[in-house]
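To start, I am sharing the structure in question, which I have written as C-alpha cells.
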Amino acid sequence: MKKLLIAFIATAGMISVTAPAYAHHAFAAEYDALKPVTLKGSLTKLEWVNPHAWLHVDVKGDDGKVTNWAIEFGSPNALLRRGLRKTDFPEGLQVVINGYRAKNGAPTVNGTSVKLPDGRDLFTGSSGTGAPVEQQ
Amino acid sequence: MNLTTRITVLFALASGAAFAQTSATPDIPRAADGKPNLAGIWQVLNPANFDIQDHQAQPGVPAGQGIVEGNEIPYQAWALEKKKANFKVRASADPEAKCFLPGVPRITYQGLPFQIFQDSKGLSVLYEYAHANRDIYTNGTPHPKGPIEWWLGDSRGHWEGDTLVVDAVHFNDETWFDHAGNFHSEDLHVVEKYSLADADHINYQATIEDPKVFTRPWSINTVLYRRKEKNVQLLEYECYAFDLEKYYP
Amino acid sequence: MKGIHLSIALVGILFSLPAHAQTGPAVPRLKDGKPNLSGFWQVLNTAAFDIQDHVAQKGVPGGQGVVEGNEIPYQPWALAQKKENYQNRATADPEGRCFLLGVPRVTYSGRPFQIFQASGGPIITILYEYAHTNRFIYLNGTPHPPGPIDWWMGDARAKWEGDTLVVDNVHFNDKTWFDRAGNFHSEDLHVIERYTLTDADHINYQVRIEDPKVFTRPWNMNMVLYRRTEKDFQLLDYECYAFDIDKYYP
Amino acid sequence: MTLRLSTFFCCASALLLGALFLMPERTAGQAKPAWTPARTPDGQPDVQGYWVAKDYGMGCLTNPKGEVGCIDPPEGRVGGKRAQPAKAPSRIVDTPDGEVPYQPWARARQQELLKNYFEPTSQAHLDPQQLCLPLGAVRQLTWHDVHILQYDGYVVFVHEGGHSNRVIPLDGHPHVGENLKLWMGDSRGHWEGTTLVVDVTNNNSKGRLSRAGDFASDKVHIVERFEFLDANNLKYGARFDDPSVYTRPWTFGFELKKDVFGSYGVDQLTYEHWEEACYEGMRDVDRSLRTQSTKQGSDKP
C-alpha cells in the first residue's frame, strides 16, 4: 500500500535544492571590485524579474567571437517607477554597460550603468547592496 | 399542563421567536464608512486548489465539486491540449510545487487562511502562504501603465452596493489556477466580487478573461468561511524554506 | 405566577452561552425543541496533522493545537512510544493504510461529514466522507453492550444536557491514532464528546479523553465545526484503500 | 485577561472611545509627547506611511553603512576610489564596548559565519536573506522600507522586500503556543502615549541580525519600542534578552524617517508598494561555492 501522505496542499513534487542561488547579496560576495568592465553589444533578452532584473547581451570580442553576457541590474520596481517597461528593451537594442565582473570568472556582470542609444543612462546601481554606486 | 411541558413550551416559544427574528436579512458588520466590513481571517473549505472542476479523490487529494460555474472551462483547442500536458507533469510543473506565488484567484482558495484588513482607502490582505500580500486600492487610483507582469497582479476595487468589485490585471503567465494544470496568459484579466452573505460567510466570485487562451470569459464561485476559533491567528507556511531550515538551526 | 419565574430563569440559561459569542443566525431546532445538528460539517483547523501546536512542514500547514493547555499527560513509557510513533509516522499511521480513523479523529480529519437527526428520533446517524465511515449515536437510553469489545469507531450512547448533545464512547481498539503525529491510546479509551450549536452555522465541539493505561489524567480537546453552506453541497467519496486497485476495475 | 492600564488607552471599543478622550492622556511620569498626532478611528496615534532607516545598510551592526562585518572585502574597497562610507551610529546602543555581548562560543560562531561570508563552502554560510527568506522582526526593518498600516485593534507592517509582513494585535491576548517558532516571531503591541511597545516571542531566529553572522537563538525574547518623536522621525530600539547566547541583554537601536527606500522624497500619499516576488526571481547563478560547477544564465527553475 503506497505511503499515503494526505496533504491539504499537493506539494507532491520534490523541490530539488538547486545550487544555492542568490537573491540579493552583498556586492562583494560575488563581484570583484577590482574588475570593472565596459561592454557594448546588442540585447538578446531581458528578464524582468525580482529582486534584480537581468539583461542578456551579445558582445563581440576582439577575436570576433560573440559571448552572451548576463548583466544583473536594478530592481524592476525601481525601473517601473521611472516609467520604464519591458517594451523599452526590444531585442537587438544596442547598449553600453558599465559594471564589475563576477568573481568566478563567468561572463556575468553587476551592472552599474546602462546607456541606451538615445543617450539615456538608466541609473541602475543595485542599491542597498554595497555596490559601488550605492544610493545615499 | 405539568411543569415540564410548560417549560418546554416556554423554551420553544423563546427560541422560536429568536429564530424567526434573525431569518430576516442577516446583520453584517459594517465599517465606519458604512461599507460592509470584510476584516477578519478567512479560508475556503473546498479542495478547489487541487482542481477547480469536479474531480474524484486521489491519494492525498480529496474529491470535490468544482467551483467553475457550469463546470466547463472554454479553452481554445491548442490550450486544452496544453492543459492536458500540464496535468501529466503537474507534480513538478505546478508553480505551487516550486513554492512560487500562486496568482489570483488561486491564492484565495488555496486552503490556507488569510487575513483582511480594511479601511476607506482599501484592503490590505495578508496570506499565510509564503507571507504573500495584496493591496486592493479602493481610492479611485487607476492601474499603473502596463505592460507589467506580476505574480499577484495589480488590484483596484470599488463598491457596488454591498459588493466589493476588484479589477485585477498585470499578471505574468506563470501561475496556474489549480494543481490540475489550468493555466492562462499574461493577458489575464480577473474581476473578483466579495459580498458578505452574513457575518461569517463571504460569497466570492471571480470572472476570468483571457482572449489568448479562452474563447469566452468564465467564472468561479465559492464560499469563504470566517475563522471562529478563539485567538485564531495566521501562522507561517514558508514553503521554500522547508529544505533550507536544517542549515539554520 | 410560578411559570413566569421559570421562564425568566430559563431565559437566563439561554443567555449564558459558551464563551464563543453568537454572531450568526440563531440555533435551528426540531419540533422536539432540541437543537438541530443536521447538515454537513467540517473543521478548518489542522488537528488532522497534529492535535498540538505545530509549525508547518512541506505539505503540512502549521496550526494552533486543539488540546486544552496544549499538553497531553502521557505516562513516561507512553511519551516514549508517542515519539517513536512520530518517527515512523509515514508507515505506522493507520490513516496511511486507510484504516478507520476512530473517535474523535474522524471528526477533524479535514473531510466533510453529514449529521442526520430526526425530531424525537432514537438514533442520530453520522456519515463521514472518509472511507464512507458511519456512526450511530443512540439517544434511546440504551446502555453500551457489555464489553470487552474492540471496535475501530467504538460504541456511542448519547443524551441531551440542555442544548448540548453529550455522547459517551467506549469499546475502542488500540489501533487508531488521534492524528498523524503519533498520538495514541489503549483499548481502555473512553471518549466523551460534547456538540453545542453556538449559532446556525457553528458547533462548539469539545472532547474529553480518559485512558488510565496511557495518560496520568483525563485531558480535553476543543474546536469549532463549520457548517458547509455551498449551494447543493454533498458528500463525495474518499475510498482511500481503492486508490491502488482502481486500475484493475476500469 | 486582566486589562492593564496601558492597554486601556489603545483598544477600547468604540463605545468607550468617547469616555477615553475625556481621560487625561498623559499619565504621571510620562514625558509630554513631543507632538499631538492625528488619531486613527480607534484612537491610536496615526503614524501610517512608509518608513526607512536613516542610515541604510545591513553589512555590519557597529557601522551600518560599512562593508560586511565592517571590514573591507578580501579584494579591497569597491572601485578602489570610493571613500570609506561615513561612520554611521552603531546599532548596538547600550553596551559599554558597543559590541553585541556574545558569550565566548557565540562570538566564535559569529566570527566563523563572517569569515565564510565571502568564501561560503556550505549552505549554512549563506545569509538567509540572500535566499529571500524572511529576515526576522527586527532586521526586516533595516531592509528597504516598511509600510506601517493601522486598523481597528491592529498595527500591520508590510515590507516590499520579499513581501514580508507582521501583524501586531493590540488587544493584549496571549501569545501563541511557545513551541510555534516563527520566522517573523509572534507580536503583541500596546501604545504608551506616542510610543508603540511590542513584545515579540516565538522567534525561530533563523534570519540573522546582519550580513556579518550576528544571531540570536530561538529562546530570545525581544521587546521593541517605536518612539515616534514627531510625524517624520522614529527612534527604534529592540531589547534582545537571550541568556543562552548573550552575557546580558542588549539593544539593537537605530532611527528611521518617514520616507521611501530608493525613491526618496516621493509623495507618501500616492506612493504604492508593488510586488517584489523575491524567491521567484532568484537565479541559479553559481557565484561562490567553489565546489559547485559554474552554471549561469537564466535557467529558470
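Order of writing sets the chain letters: A, B, C and D. Residues in each chain are counted from 1.
Note that in this section a contact is a pair of C-beta atoms (placed from the backbone, for glycine too) under 8 Å apart; a residue touches a chain by one contact, two chains touch by 3 or more.
Keep in mind that what you see is a predicted model, and the values were worked out from it rather than measured.
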Please identify the chain lying most centrally, where each chain is represented by the average of its Cα atoms. B
Furthest chain, CA centroid comparison against chain A: C
Mind checking the centre-to-centre distance between chain B and chain C? Centres are C-alpha means, answer in whole Å. 27
Geometric centre distance via CA averages, chain B-chain A, whole Å: 34
Report the inter-centroid distance (CA atoms only) between chain B and chain D in whole Å. 31
Chain B residues touching 2+ other chains are 59, 98-99, 111-112, 144, 231, 233, 235-236, 238-240, 242-244
Could you tell me which residues belong to chain A and also touch two or more other chains? 2, 4-12, 15, 17, 80
Chain C residues counted as touching two or more neighbouring chains: 55, 58, 61-62, 64, 110, 240, 243
Chain B partner contacts - residues on chain D that touch it in the complex: 41, 122-124, 126, 128, 131-134, 149, 151-152, 154, 156, 158, 163-165, 167, 169, 173-174, 176, 180, 182-184, 186, 206, 270, 272-275, 277, 279-280, 301
Sort out for me which residues of chain A touch chain B in the complex. 2, 4-13, 15, 17, 48, 80, 83, 85-87
Chain D partner, complex, touching residues on chain A are 17-30, 32-34, 36, 45, 47, 49-52, 54, 56, 68, 70, 75, 77-78, 80-81, 100, 102-108, 127-128, 130-132, 135-136
Help me check something: in the complex, which residues belonging to chain C touch chain D? 52-55, 62, 64-65, 70
Flag every residue of chain B that touches chain C in the complex, lowest number first. 3, 6-8, 10-12, 14-16, 18-19, 21-23, 26, 43, 45-46, 56-59, 62-65, 111-113, 128, 197-201, 222-223, 225, 227-233, 235-239, 242-243
